[in-house]
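Before I ask anything, let me first share the structure, which is written out below as C-alpha cells.
For clarity, chains are labelled A, B, C, D, E and F in written order, and residue numbers in each chain start from 1.
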Amino acid sequence: MMTIDEGYVHELAEKGSRLDGRRLDEFRNAEIETNLIKSAEGSAQVRLGNTVVIAGVKMSVGEPFEDKPDEGVLMVGAELTPLADPDFEPGPPDIRSIEVARVVDRTVRESKMINVKALKIDDEHVWVVNVDLHVMNFDGNLIDAGSLAAVAALATAKMPKYENGKVNYDERSGSLPITAMPVSVTTVKINGKLLVDPSKREENAADARLTVSVKNDGNICSLQKGGTEGFTTEELHEMLRLAGEKQKSLRDSLK
Amino acid sequence: MMTIDEGYVHELAEKGSRLDGRRLDEFRNAEIETNLIKSAEGSAQVRLGNTVVIAGVKMSVGEPFEDKPDEGVLMVGAELTPLADPDFEPGPPDIRSIEVARVVDRTVRESKMINVKALKIDDEHVWVVNVDLHVMNFDGNLIDAGSLAAVAALATAKMPKYENGKVNYDERSGSLPITAMPVSVTTVKINGKLLVDPSKREENAADARLTVSVKNDGNICSLQKGGTEGFTTEELHEMLRLAGEKQKSLRDSLK
Amino acid sequence: MMTIDEGYVHELAEKGSRLDGRRLDEFRNAEIETNLIKSAEGSAQVRLGNTVVIAGVKMSVGEPFEDKPDEGVLMVGAELTPLADPDFEPGPPDIRSIEVARVVDRTVRESKMINVKALKIDDEHVWVVNVDLHVMNFDGNLIDAGSLAAVAALATAKMPKYENGKVNYDERSGSLPITAMPVSVTTVKINGKLLVDPSKREENAADARLTVSVKNDGNICSLQKGGTEGFTTEELHEMLRLAGEKQKSLRDSLK
Amino acid sequence: MRADGRASEELRELVVKAGVFKNAEGSAYVKMGNTVAVAGVYGPRELFPKFLQKADRVHLKCRYNMAPFSTKDRKRPGQDRRSQEISKVVADALEPVIFTKEFPKTGIDIYIEILQGDAGTRCAGINAASVALADAGIPMRGLVAAVAAGKVDGDYVLDLTYNEEEKTKADVPVAYAPSMKKITLLQMDGDLSQEDVKNVVDVAIKGCEKVHEAQVGALKNKYKEAML
Amino acid sequence: MRADGRASEELRELVVKAGVFKNAEGSAYVKMGNTVAVAGVYGPRELFPKFLQKADRVHLKCRYNMAPFSTKDRKRPGQDRRSQEISKVVADALEPVIFTKEFPKTGIDIYIEILQGDAGTRCAGINAASVALADAGIPMRGLVAAVAAGKVDGDYVLDLTYNEEEKTKADVPVAYAPSMKKITLLQMDGDLSQEDVKNVVDVAIKGCEKVHEAQVGALKNKYKEAML
Amino acid sequence: MRADGRASEELRELVVKAGVFKNAEGSAYVKMGNTVAVAGVYGPRELFPKFLQKADRVHLKCRYNMAPFSTKDRKRPGQDRRSQEISKVVADALEPVIFTKEFPKTGIDIYIEILQGDAGTRCAGINAASVALADAGIPMRGLVAAVAAGKVDGDYVLDLTYNEEEKTKADVPVAYAPSMKKITLLQMDGDLSQEDVKNVVDVAIKGCEKVHEAQVGALKNKYKEAML
C-alpha cells in the first residue's frame, strides 16, 4: 500500500515530471558558504534546496593506528539534529546518520582527497582530522549535501600550529594537504524512472537508490546502493552516466 | 490541576504554617556523623529530618587535566539509591541526581574549600578526590543535605600515603588542604511564600526554588534556581537574606 | 501454575524417566571438534545433544593488572547468538550469558588450568587470553557445554609469536602452559529427583540447579547453585557424587 | 574599558533572526559576539511515551546540545551531565511565560544547537528558544531574555566572553521575563558578597531588557517580511 | 587462632538491625566485621513493564550494588557483570522462603547497598535482605541466613575476612533456610576435595544458624520497640 | 595467476550447506575460502514493538555480527557502525526477492554470524541468509547470490581474499538475483573508471551465477536427504 503522496510521486515520475517542477535529471541549486564557524578549523554550510547541512572540521594530535603508523587519522561523523525534521528524534546516531557518515567517509578517503601521509608529525604523533556533519534542515539527499559540505570544509580548513607538544589553535600554519575533490551524485529509481537529487518526499517514494562519488579525473571512488528493490545493469550504466554529467555543476559550486 | 496534597501545602503556606509544624523559615534538625565508612578516606552521614545522605571520599593518584596542570582533580557524583524512595528507580543517574552532584560540585569548587594546588604531587601526578553522595532515604532538599555531607566528609578525610608510585591506603598522612567550609541553603516559593529546607511534599508543591551557597565570610559561592515559575528581585533579596541567616546554624552542626 | 510441558517433565521425573528417553543420570553425547576456526589461536565446537557452542581463543599482548603484576590475563565472554533460540534477542549480554561466562571463567581460573605466571613477557607486558563462547543452538546446559568448549579450545591453542613489540599471528610458538583440565557437571532437581545434563525443557521445569566443576585429581574447583528452590545437604552430597562420576566420560571426550 | 573595547554594561554584538529553518514550526538564530545558537520548536504535538503526558498542561521538553565543532577541543557528540543540567534549567527558564494549561497532554519540543561557543551559550540558547517559541505561534505571556553578568576588577560587567569569564570573580547567567518582571533562570559560580550578587543581577536584568528589544525586533522583521 | 583472634568457627562481630529506614516498607542493617550492608524492600506492588508479570506468583527482583566508597579502590557506579550475577543468585537464595503464590502478577523489589566491603558482601546482603523482607511483612516460611566458610592451613574457618580470603584454599558462600533445612545459595572458588566441600558447607550451615539467631533477635527488638 | 593459484574469474573454494541448525526455522552455512558465515532465520512471526509493524508487508530485520574470534585482532562484541551499516545493506539486498506483501504486520529476523573472516564477509553472509530464507520456507522470487570483484594489476578478479583486497584498486561487493536479473547490493571503495566499474560488475554477476548454482545444489541436497 503506497501512501497517497507516494502514489502521486510515482504518477508524476511516469510523466517525467516532479513535485517541484524539476526535470528528472536536474539537481536543486547548491549554495555553499565556507568559514562560517570560528571555533572550527574549517567549516561549510551547504543548502541543497531545503536540505541544510553544516560541516565542521576539528583537528587535534593523537597516535596513528597501529596498522597505519605513517598516516594521519580521518574520521567522519554525522548528526541528524532533531530540529531538522519533525520525525527526527534525539538520541544516539541511527542507521541513517551512520550511513551518511560512512559513505562520506569512504568518498573522502578513497578519493585520496587528503594526503594522509603528510599528516604524520613524528613516530608517535599524527594529525587527527574530525569532520562532523550537522544536519540543520532535512529535505532529502543527505549524502550529496553532506559530501559537498565535508569537501568544502576540508578544502578551506586552516591547520592549527603544533608547538612544544601542544596544539595552538590561535595560530594557523596553512591548508590541509589536499590532492583531489570528490563529488557525490545520488539517483533514485521511482516507478522505473531515474531521478537525481531526490527530495524527502521523493526518497520516501523511491524503490532503489545509488550514490556514485566521482573524482576530478572522472574516476569513481565510491558506490552505495540503497533501497528495497534492485536495478538492472542497464539502469546501473545510466546512473553512472548521470553521475559523470551532474558532478560537473556540483564541482563548480565548490569553487 | 494541583493534587489535593499540593493544594493543602499551598493553603498551609498561605497561613504561614507547614505540614510538620515548622515555621516557614525553620530548618529541620541536621545530624551529622563522620568517619562511619572505614573503606573511605573520609565519610559523613547527614540526617536532615527524614532525608539521609551518606558522602564518601575516595582518593587516588592520576594525571592532571591538560588545562590545569598544577591542580588536583575534584569530582562529585550522586546516586539516588532505589531504596531511598518508592518512586526512585535503579539505572543511570537521572536529572535529579545530576543536578545535586553538579550543584554540590560547584559549591565545593567555587568556595575554594580544597586548595587544589596543594594536591599536585609532581608534573605528571596529582591527587584525584572523588566525593560520592549516596542517598539512603529521601524527604526533600537533597542539595543542602548532600552539600553538608560532602563538606563534612572532606573536612574529616585522612589522606592515604603515596609511596614508590603507589597509593598505600593502610597509612595516612594527614588531612586534605581545607581552606573554607561552604554551606548551602535552599528556599522554595509556594503560593507566594518563601519556605526554607523543603520536605518532599513541599518540593512537589513548590513553584520555584533557589539554592544559595555561602562561605565562612558570608560571601556567596554558588546559586542555582529551579522550578517552573520565576521570582522577583525582591524575592531574590529575601532568599539571599534567609540564606545568610540560616547558614549559621547549619555551620554549627558541622563542628 | 506449571505449564503443561513442565508438568509433564515433573511426572516423567517422578517415574525416573525423561523426555528423550535418557536415564536420570545420563549425559547426552558430547562431540568435540577442535581447530575449526582459522582466525582464532584455538577453537572448539561442542555438540551436547542439540546444544551447540563454539569457543574461540584470541591472544594479544597487554599490561598486567596492577594487583597481579606477574600474571597474564584471562577473560571469558559468552554470547547467546539470537539464531540459537527463538526466544533469544540481540543486544547486550543478559544475565544468562553473564552467568555462563562467569562460571566458566571461575572454573578455568580456579582449576589453575593455565599457568598464568608463564604468560608474563616482561615487567610491562603479559599475554592476554580471551576465550569467547558463541552459542549457536540452544537446548539447555550451557555451562557444561561452554566449559567443555573453553577447555578444549585452550588445550589446543597455539600461541602467536611476539617479536619486536608486536604480535605476529602468522607464526606460532607452541601451546599455552596447560597444567590441568577441569570439567563441569550440572545437575537439576525436578520434583525431588536429580537429573544430570538438563535439556532446555528440563531446565524450564527445574526447581534447583547445581554445577560442580572437577579437576583431574577429583578435587572441586567451583560450585554454582541456581534456581528458586533450595536443596538439602543429602541432595548436595548426591550431586557431588554424580559430578565425580560423570566427569570421567566428559573428560574422555576431551581427548 | 574591556579587552574588546566595550563599556562595562555593553552587550556584545547581538544578532537575532526569527524563522531561519523551513521544517521547524518555529526557529531562531542568535549571535552574541562569538557565541552562536540556533533553536527549533515543534509542538504542541502528541506526546510519547504516554506516561509523560500531564493531565492539566503541556509537557515542555528541551534539549541543549553543543555541535562537535563549537569548541576549541572537539566536543564529543552526545549529552553529557553538563548539557543535561542546562537542558533542565533552560526548560524551567522558559516555562513561566508559556500558557501551559492551554494544551493538556501534549508536548512541546525545544531543540537548541550551539554552533559556536564563546561563553554565554545557555543564555544565547534561551534567547533563541524564546524567539522560536513565539515564531511557532505558541501562546506566551511574553518573551524570556537572558544574559550573564559578573564582576571584573571591581567593575560589574555584562555579557562576558570566555577570556573575561576566566578573570571574573563570578559568572552569573540570568534569564528574565520583562513582561512579568520575573527572574526565570539564575545560576552562579564564583565568590561575591550579597550586595554584589544583587548588583550583578540588576546589571544582568538591564542587559536582558536590551536583548528583549532585539528579540521583539527580529519577530517584527519576520512578520513584516511575511506581509510584503 | 586467626589473625584477628577468632576461633575457626567463630563469626566476626555481628550487628543486625531491623527497620532502619523510613521510606522502604522493610529495611535492615547488617555489619559482619568490617563488611556493612543495608537492604530495603518495596512490595508486593504493581509491576511494570507488564510482560514481567507472572500469572501465578510474585516477581522477585533484587539489585545488589556496591557504593563507590565501599572498596579500597573506588568502585565505579553502575552494575557490572559481577553485581548482576550476585543480584541473581541472591534473588534465588531468598525466593525459596517466600510465599510467592500469594501475590500473583505483582513485584517485590529488594535493594541491597554494600556500604563497606571486607569479604562476604553477598552474605551480608542476603542477611540484611532477609530481615528487610520480614520487616516489610512479606509472608515467609522463615528467614534465610548466609555466611562463607573456607579452609586455611588445614583448618575449616568461618566468615572469612578479605585477608583470609586471599590465603584460603577456597571461599564457599552458603545461604541456608533453617526452618526448611535447605541450602539456598552455594558458590565456590578454589580447590577442595569432595569431603572438604561437605565439611566446609557443614561449618557454614552452623554459622548460618548463629546468624539466624541474630536476625530473629533484631526483628524481636524492632517489635518490642514498636510496642513501647 | 593469483597468489592462491586461482584464475582471475575463479571463485575461492565454495561450500554451501542448508539446514545446519536445529532451532532456527531456516539456516545455512557458507564457506568462501577462509571466510565462513552462518545464517539463521525466524519468521514470519509476531513483531514487537508494535510501531515497527507495517500495514501492508512484512518487516525484514537483519543482524550481521562478527564473532570475537573471527578476525586477527579480536573483535569486541557488540554492534559497531560498520556492522550496523552492513546489516542495513544486507536486508535491502534480500528484500527484493521476498514476497513481502504475503505477511503484513509480521516480522522476519535474519541473523548472520561471521565465524571466520578473510574478506567478502558481507557476501558470504548474504549467500547464507538467502539459503536460510529458502530453507525456512519463506516464499521467494528466487535466491540472491553475492560475491565481490575488483581490479588487480590491470586484471579484473573475482572473490578477493584479504591480501588481494589490500592490493586491489577497488573492492566491489555485488549481490544479484539471477531470477530477476537485478543487482540488489552494490558498494565500492577504490578508484576505477566508469568502464572499469561496468566490467567489474559484469565479472561479479558472472560469479554470482556460479554461487547461485551452489546455493540451489545445497537446497536440493537438503530436500533429498529429507526424502530418504
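A few remarks follow.
Convention: a contact is a pair of C-beta atoms (placed from the backbone, for glycine too) under 8 Å apart; a residue touches a chain by one contact, two chains touch by 3 or more.
Note that the structure is a prediction, hence the values are computed from the model and not measured.
Hopping across touching chains, the smallest step count from subunit B to subunit C is 2. Common neighbours of subunit D and subunit F (chains touching each): A. Distance from subunit A peaks, on a Cα-centroid basis, for E. Seen from the Cα centre of subunit B, the chain whose own Cα centre is farthest off is F. In this assembly, the C-alpha centroid of subunit D lies 51 Å from the C-alpha centroid of subunit E.
Spacing of subunit B relative to subunit E, judged by their CA centroids, is 32 angstrom.
Subunit C and subunit D have Cα centroids separated by 57 Å.
Annotation for subunit F: no residues touch two or more other chains.
Taken residue by residue, subunit B touches two or more other chains at 93, whereas all remaining positions touch fewer.
Because contacts link each chain to exactly two others and close back on themselves, their graph is best described as a ring. Traversing the ring of touching chains from subunit B and stepping first to subunit E, the chains occur in the order B, E, C, F, A, D. Within the complex formed with subunit F, the residues of subunit A that make contact are 1, 93, 95, 98-99, 101-102, 106, 109-112, 210, 215, 218-233, 236-237, 240-241, 244.
If you check the complex, the residues on subunit E that touch subunit C are 55-56, 81-82, 84-85, 88-89, 92, 95-96, 172, 177, 180-194, 197-198, 201-202, 205. In the complex of the two chains, the subunit E residues touching subunit B come out as 21-24, 27, 34, 36, 38-40, 42, 45, 63, 65, 67-74, 77-79, 109, 111, 113, 115-118.
Those residues of subunit C that touch subunit F in the shared complex are 37-40, 43, 50, 52, 54, 56-58, 60, 77, 79, 81-86, 90, 92-93, 130, 132, 134, 136-139, 169.
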